[in-house]
Amino acid sequence: ETLTIATVNNGDMIRMQKMTKPFTDANPDIQLEWVTLEENVLRQRVTTDIATKGGQYDIVTVGNYEVPIWAKQGWLTPLEDMGADYDAEDILPPIREGLSLDGKLYAAPFYGESAMIMYRKDLMEKAGLDMPERPTWDFVFDAARKMTDKDAEVYGICLRGKAGWGENMAFLTSMGHSYGAPWFDKDWKPQFGSEAWKKVLTDYVAVMKDAGPPGASSNGFNENLALFQTGKCGMWIDATVAASFVSNPKESTVADQVGYALAPEGEKPQMWLWAWTLAVPSSSDSPDAAKKFVAWATSKAYTEEVAKAEGWANVPPGTRTSLYENPEYQKAAPFAKPTLDSIMSADLKNPTTVEVPYIGTQWVGIPEFQALGTAVGQQFSAALAGQASVEQALQMAQQITEREMAKAGYPK
Amino acid sequence: MGSITLKQVRKAFGDVEVIPGVDLEIREGEFVVFVGPSGCGKSTLLRLIAGLEDVTSGQIMIDGRDVTHAPPSQRKLAMVFQSYALYPHMSVRKNIAFPLKMAGMAADEQERRVKHAAGILNLTDYLDRRPGQLSGGQRQRVAIGRAIVREPSAFLFDEPLSNLDAALRVNMRVEISELHKKLATTMVYVTHDQVEAMTMADKIVVLRAGRVEQVGSPLELYRKPANRFVAGFIGSPNMNFIEGEPAAKLGAHAIGVRPEHFAMSTTEGLLAGTVGVAEHLGSDTFLHIDLDNGPHIVARAAGEFPVHHGDRIFLTPQEGRIYRFDQNGLAL
Amino acid sequence: MGSITLKQVRKAFGDVEVIPGVDLEIREGEFVVFVGPSGCGKSTLLRLIAGLEDVTSGQIMIDGRDVTHAPPSQRKLAMVFQSYALYPHMSVRKNIAFPLKMAGMAADEQERRVKHAAGILNLTDYLDRRPGQLSGGQRQRVAIGRAIVREPSAFLFDEPLSNLDAALRVNMRVEISELHKKLATTMVYVTHDQVEAMTMADKIVVLRAGRVEQVGSPLELYRKPANRFVAGFIGSPNMNFIEGEPAAKLGAHAIGVRPEHFAMSTTEGLLAGTVGVAEHLGSDTFLHIDLDNGPHIVARAAGEFPVHHGDRIFLTPQEGRIYRFDQNGLAL
Amino acid sequence: MATRHQKTLARFMVAPSVLLLLGWMIVPLAMTLWFSFQSYNLLSPGMEQFIGWTNYRYFLSDPAFWTAMQNTLLLVGGVLVVTVGGGILLALLLDQPMFGQGIVRILVIAPFFIMPTVSALVWKNMFMNPVNGLFAWLAKAIGAQPIDFLAQYPLMSIIMIVSWQWLPFATLILLTAMQSLDSEQMEAAEMDGAGAWAKFTHLVLPHLSRAITVVILIETIFLLSVFAEILVTTNGGPGYQSTNLTYLVYSQALLQFDVGGASAGGIVAVILANIVAIFLMRMIGKTLE
Amino acid sequence: MARTVTTTRRWTFTILAWGVALLIFFPILWTILTSFKSEADAIASPPKFLFFDWTTQNYAEVQSRSPYFRHFLNSVIISVGSTLLGLLIAVPAAWSMAFQPAKRTKDLLMWMLSTKMMPAAGVLIPMYLLFRSWGLLDTRLGITVVLMLINLPIIIWMLYTYFREIPAEILEAARMDGASLSKEIIHVLTPMAVPGIASTLLLNVILAWNEAFWTLNLTTSKAAPLTTFIASYSSPEGLFYAKLSAASTMAIAPILILGWFSQKQLVRGLTFGAVK
């Protein structure tokens, strides 16, 4: 049996490909076929295949955004009977809930993440500031401006600017939620005309202009990571997984100077919850073998394998309670606690101050969000690049969203 | 082996009738030359015989067999093209052997025949060269070689020498004539060079606008052209035509005199004129003369005839060498 | 206006010396023809005069002015190329006017001159066509037109007629001769066709391997060739050379007799041979004869000389028409 | 040049290609046409229904549509201008006497072989990146503010990348054409007193017109469907500033999974492509005879 | 035009041309250089041109991540296969267009070319559905056929321009010599057009090699060529310039080398009958 596995090209996934020996030794009749793709390409390929029942993949890597939607369509095989020692209860509750429908788990988390602030202790000190455990947005903006020294190529804050629902819109959606600016009111009316949104975007554009790196409008997670690793960012608010990269002295020139804080707080704390998960499409013709692999790859045992080979700091984070209770991990990963706190504080159903008809923290759990998020992201990215004013961008965003929602037939 | 008969052969390209209807009889072993001005349909006629074009109506028989609708390969004819049409990627040997190979002949028999043909054509030393490495004359010989190995019942040539330079042309002309003597196979030869036609043909077919104007041996055509067109076409330089008074005196609409049939004098003669250009070739002198009140004519004089530009000259056509034509150009 | 002098002009391409050193005097108004076998350096010499190639050493003077290092445009010469070298995207009018436009001439003056040239060359009706829409002869005339509008001090022609067919070539030959008479401008004309050379030239320059073999008027060269090379080159068909006994009898290494200088008989004569091919042209008959123990020769007989393939024939060279050459090919 | 037999054979032999291409055109096109009248989103299966012209209305009224049209034209036109203009200059340069012409040609042709994805990645990351890119370093080295190409001049940057890929093509065709110019014509012009500039405008350029036409034709065919470069560098943004028609259709189809809308867009694009094709055909018909 | 070229003139142009050529080539050169740097050197400022610690570790890393050789092999099979298949179909078509032209031949040719302007994304879903029902997803056969169809118009056009340069008389001679149509094409036309066919082949191999939409969308793993290989590097995490460069170098090197070796034929082929 050959399992075709679609994965995203991030470090943890690539590491997994190199570590499958125990699995293949234990299951000599199963061959693994890896398809590693960049995130957008992956999503496009996998969605096309699953939606048309192409049956190309036995295991797909999907985010927690897709899982409930796809599960509802019947595209995913429920992950029951994963083996005696799988211990599904160990999975962090916010994550587990996000991956379940009607009590059944449809995808197994490979790693989970939330957002936090990574900052440079040395620069913070130089600016004469002290980072609280959870700062306010105003503190962050102020610190960013103070830390900036453009001549030395030090920029106070790095934030995502590259258009895309999983790039700038992930950040801006969660920032919006934190400001009390949701995408839709409870009647599915787009809210980009609101004062709250205006404040969100104004603050964002302003601080990036004053304290952001040049070319911010094309920076995504990876670009910012590179910037931070080379010492060009004072602060970076992004996914918690980044912590293990920025603190890795082999890759990062500032590893010893990184501090961590919880994501900022506005009307509400900024919430973020993301998990890359492994799921088995219902079109797979080897569901049992696939489940076996998924169980192995998301098990505690795998975590230990990685720890043995690469050290505790490099194990896939954010999925299991047991990991955070492990003292060895706590020792190796200074970012363990803020990560766990961030994840646990995420509430998919109540991301903002008002009631919303959708679930999601840094995304909105409807199928149309991919397209909408990217289209709106383009507008916001244009605003960041100075190609449009904040007002224009919001107006366009509102217009686009109204159009698409109308076309898609909301409210449903 | 090698008789070709055309019966009322007609060819039209779309609406344009190129050959309005030709009857022609070519006997076994004859060397027949088609001549005529450019565009008169010589090539078309040849290609109809070859089967490279469909006849619009009429019948073509080869050796008594009706081949009107047979494909080229079944007519047992060989053709030599103006551009030689050699296969540039094959050696001379392969070029010559190609028709044999196509006929599925055994390799050793192919080789034997190629050797034989190469021997006849003096190509033995070049068998392993590519056409690109040969001179024009050699290429022409390869093309002929390719034709003769098949031992066809007739050869068709479409202006085979027109791409060669003057000296080579003369040599190849002689070679082809000798080949014909040796093989005694029917040859149909298209040219617009009337020297070639005169020197090679057993029988010349003069075409004009797709019609046969006259058929006959070279000297027949030279001596007794059926009409003004043929008279003007055969002979070099061309026949001079004089209309008006001198012609009327002889009871014709126009009279024709060949350049070589004038007696010339600086003192007296039947016709008077002024020398324009005098071309001294050493062996001959061609005089371009403007007749008084008459046309521009050309006369051939002896090797070193002492006249110059602007001199007065008098001409008398030789007795019995004057051709007379009526209103319609027909010979009287 | 139009005298050209070459003094010890030498040209080498890299290591290869193509012209080892030529002295030549071309007088005003002369029509000079360069002839010689292919590759002998005719074109190179012409291009040196034109300034399209640098001389390696030596001096070129035009009208007494040293132009050895002057660019082509300052030599006041016009050139007509073998390929015509017309500008394909310009109308005939524009082609002819191009040199005038380059000289910055006023538009109406240009127009006047173009009209004039077109009138001379019978091109008036074609002024608005593109070269692609013209026949070969017309194109050649346009090329000449482009040359004459500039009123150059001399014209240079490099085989201008070699791309034309036989009939057209004869016409254009006469036209160029007449043009020369009309304009009386110096013309330097390259050809390898000796008929052209004979009929057009005031003075022929025979070249071999970059050396001048003989300079003289056509009839001078025909009558008194300086050596065997010139003798063989001038005259058509070529002179027959006989070595051995018959030559020795006349005290020479070889003797030469032109085809037109044989007396022929079927019964007796100095030389005996067998007729190979007899080419009957009507006006003449060319006999290809294999002499007994001797070479293959060509003889010209009267219009209707009655011999055929395989007949015995006897030849006697005409008195005083025998050329004698020594061991080195020099005329005795 | 032919007998009936030959003609019949000829028709018979084009048939496979024509049928295949027809199939290739018609089958997906028919399906596309069908989908274009459906409300069909891959992500919401089971909701398909006939909705008339709605998809077309949405596609054509999309504010992105007109921008995309404009960008498509700008992109094609811009690249054509750069490559043909640059190609002529470069061809002129390469036609001059020099040492190592062979190697120079090899260097110049290289970009043509590069995968569009790779070249876009390389340009974006290693050259145009405003922090770590080489251009940024150059700017800093001369004391200027680094330019954020992809954000500030997105379309121009893409034109630049695409031009880099197509410049070799234009150069080489034009160079070959230039070298085929009859040397006797050049000499004739020289004798006629034409200087370098006159020779260029009166001889070289007209002689190149045919080659230029072919360059335009081929490039247009490929440039109309430029896609990978945009996807990799700007994702069509910021805003719609670098979205062309192909990318717009792509984003409908594979970002929004709106098959119906994408199909409508596809049909619109096919129609536009055919208009361009007819236009090109006219142009080519004249020069290619 | 053989007037002596002065040495200064020659040197001026040499320097100028080399400068421009290096400028044009520089991005590729830089990519290749970067592929031998460590990630830190790759983004060093000021850039390190030649004096850095050369390492092949990036290649090892890239190789360990994905089976380069299999992608490479797929690329070869797909690009060569589609081109050969295309030639097989295009040769007869080009023969009839060149030698038996009908009134509409030019229009037909243009129509064929216009099929290339179809926006692929618009018809992807239909194609995907068809491929699924025919079981062609992620098969070399399927993607080969698609690339063949994509390039067929170009192949036909190129062959057509070459064939038209071959004198019809030669084919007629073959016919007179008793060759049937297939023999005429196999023994005479095709060998004569070898230079043209070679350049058609080359150009189309290059185009197929670089095709990145259909290959990416219709293949998954077994049939996936190098375009898929490179797709996993478009934005990985962390510092990636050196790895990206190594992967890029590996993806373009084969075709670059092929292109360089066959430069002459290719250039001649690229002219599409533009140069007469």
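Chains here go by letter, A, B, C, D and E, matching the order in which they are written, and residues are numbered from 1 within each.
In the analysis below, a residue touches a chain if its C-beta (ideal position, glycine included) is under 8 Å from a C-beta of that chain, and two chains touch if they have at least 3 such contacts.
Note that the coordinates shown come from a computational prediction; the quantities given were computed from them, not determined experimentally.
A.B. asks: Kindly list the shared contact partners of subunit C and subunit E, in label order.
C.D. replies: Chains touching both subunit C and subunit E: B, D.
A.B. asks: Going by C-alpha centroids, which chain is farthest from subunit B? Tell me that one.
C.D. replies: A
A.B. asks: Ranking chain pairs by contacts, what comes out on top?
C.D. replies: D-E
A.B. asks: By mean C-alpha position, what chain is farthest away from subunit C?
C.D. replies: Taking each chain's C-alpha mean as its centre, the farthest from subunit C is A.
A.B. asks: State, to the nearest whole Å, the distance from the C-alpha centre of subunit A to the C-alpha centre of subunit E.
C.D. replies: A distance of 39 Å separates the two centres.
A.B. asks: Subunit A to subunit D: how many Å between their CA centres?
C.D. replies: 37
A.B. asks: Need the CA-centroid distance for the pair subunit A / subunit C, whole Å please.
C.D. replies: Averaging C-alpha atoms per chain gives centres 89 Å apart.
A.B. asks: Provide the C-alpha centroid distance between subunit B and subunit D, rounded to the nearest whole angstrom.
C.D. replies: 56
A.B. asks: Enumerate the residues of subunit B that touch no fewer than two other chains.
C.D. replies: 52, 71
A.B. asks: Scan subunit E for residues touching two or more other chains and write them down.
C.D. replies: Touching at least two other chains: 1, 43, 124-125, 129, 172, 231, 233-234.
A.B. asks: Where in subunit A do residues touch at least two different other chains?
C.D. replies: 44, 48, 52, 226, 230
A.B. asks: Please output the residues of subunit A touching subunit D within their complex, sorted ascending.
C.D. replies: 44, 47-48, 51-52, 69, 73, 153, 162-164, 213-218, 223, 226-227, 230, 232, 367-368, 370-371, 374, 377-379, 381-382, 384-388, 396, 399-400, 403-404, 407-408
A.B. asks: Inside the complex, what are the residues of subunit C that reach subunit B?
C.D. replies: 165-166, 170, 174, 177-178, 181, 193, 195, 198-199, 218-219, 222-223, 234-237, 258-260, 276-277, 279-284, 286, 288, 300, 303-304, 309
A.B. asks: In their shared complex, at which residues does subunit E touch subunit B?
C.D. replies: Spelled out, the residues of subunit E in touch with subunit B are 167, 169-170, 172-180, 183, 187-188, 191-192, 194.
A.B. asks: List the residues on subunit A that touch subunit E in their complex, please.
C.D. replies: Where subunit A meets subunit E, its residues are 4, 6, 9-11, 14, 17-18, 33-39, 41, 44-45, 48-49, 52-57, 220-222, 225-226, 229-230, 245, 251, 253.
A.B. asks: Taking the touch rule as given, give the residues of subunit E at its contact with subunit D in the complex, in rising order.
C.D. replies: My answer: residues 1, 5, 9-11, 13-14, 16-18, 20-22, 24-25, 27-28, 30-31, 34, 43, 45-47, 89-90, 92-93, 95-97, 99-100, 102, 106-108, 110-127, 129-130, 149, 152-153, 156, 168, 172, 181, 206, 209-210, 212-213, 226-227, 230-231, 233-234, 241, 244-245, 248, 251-252, 255-256, 258-260, 263, 266-268, 270-276.
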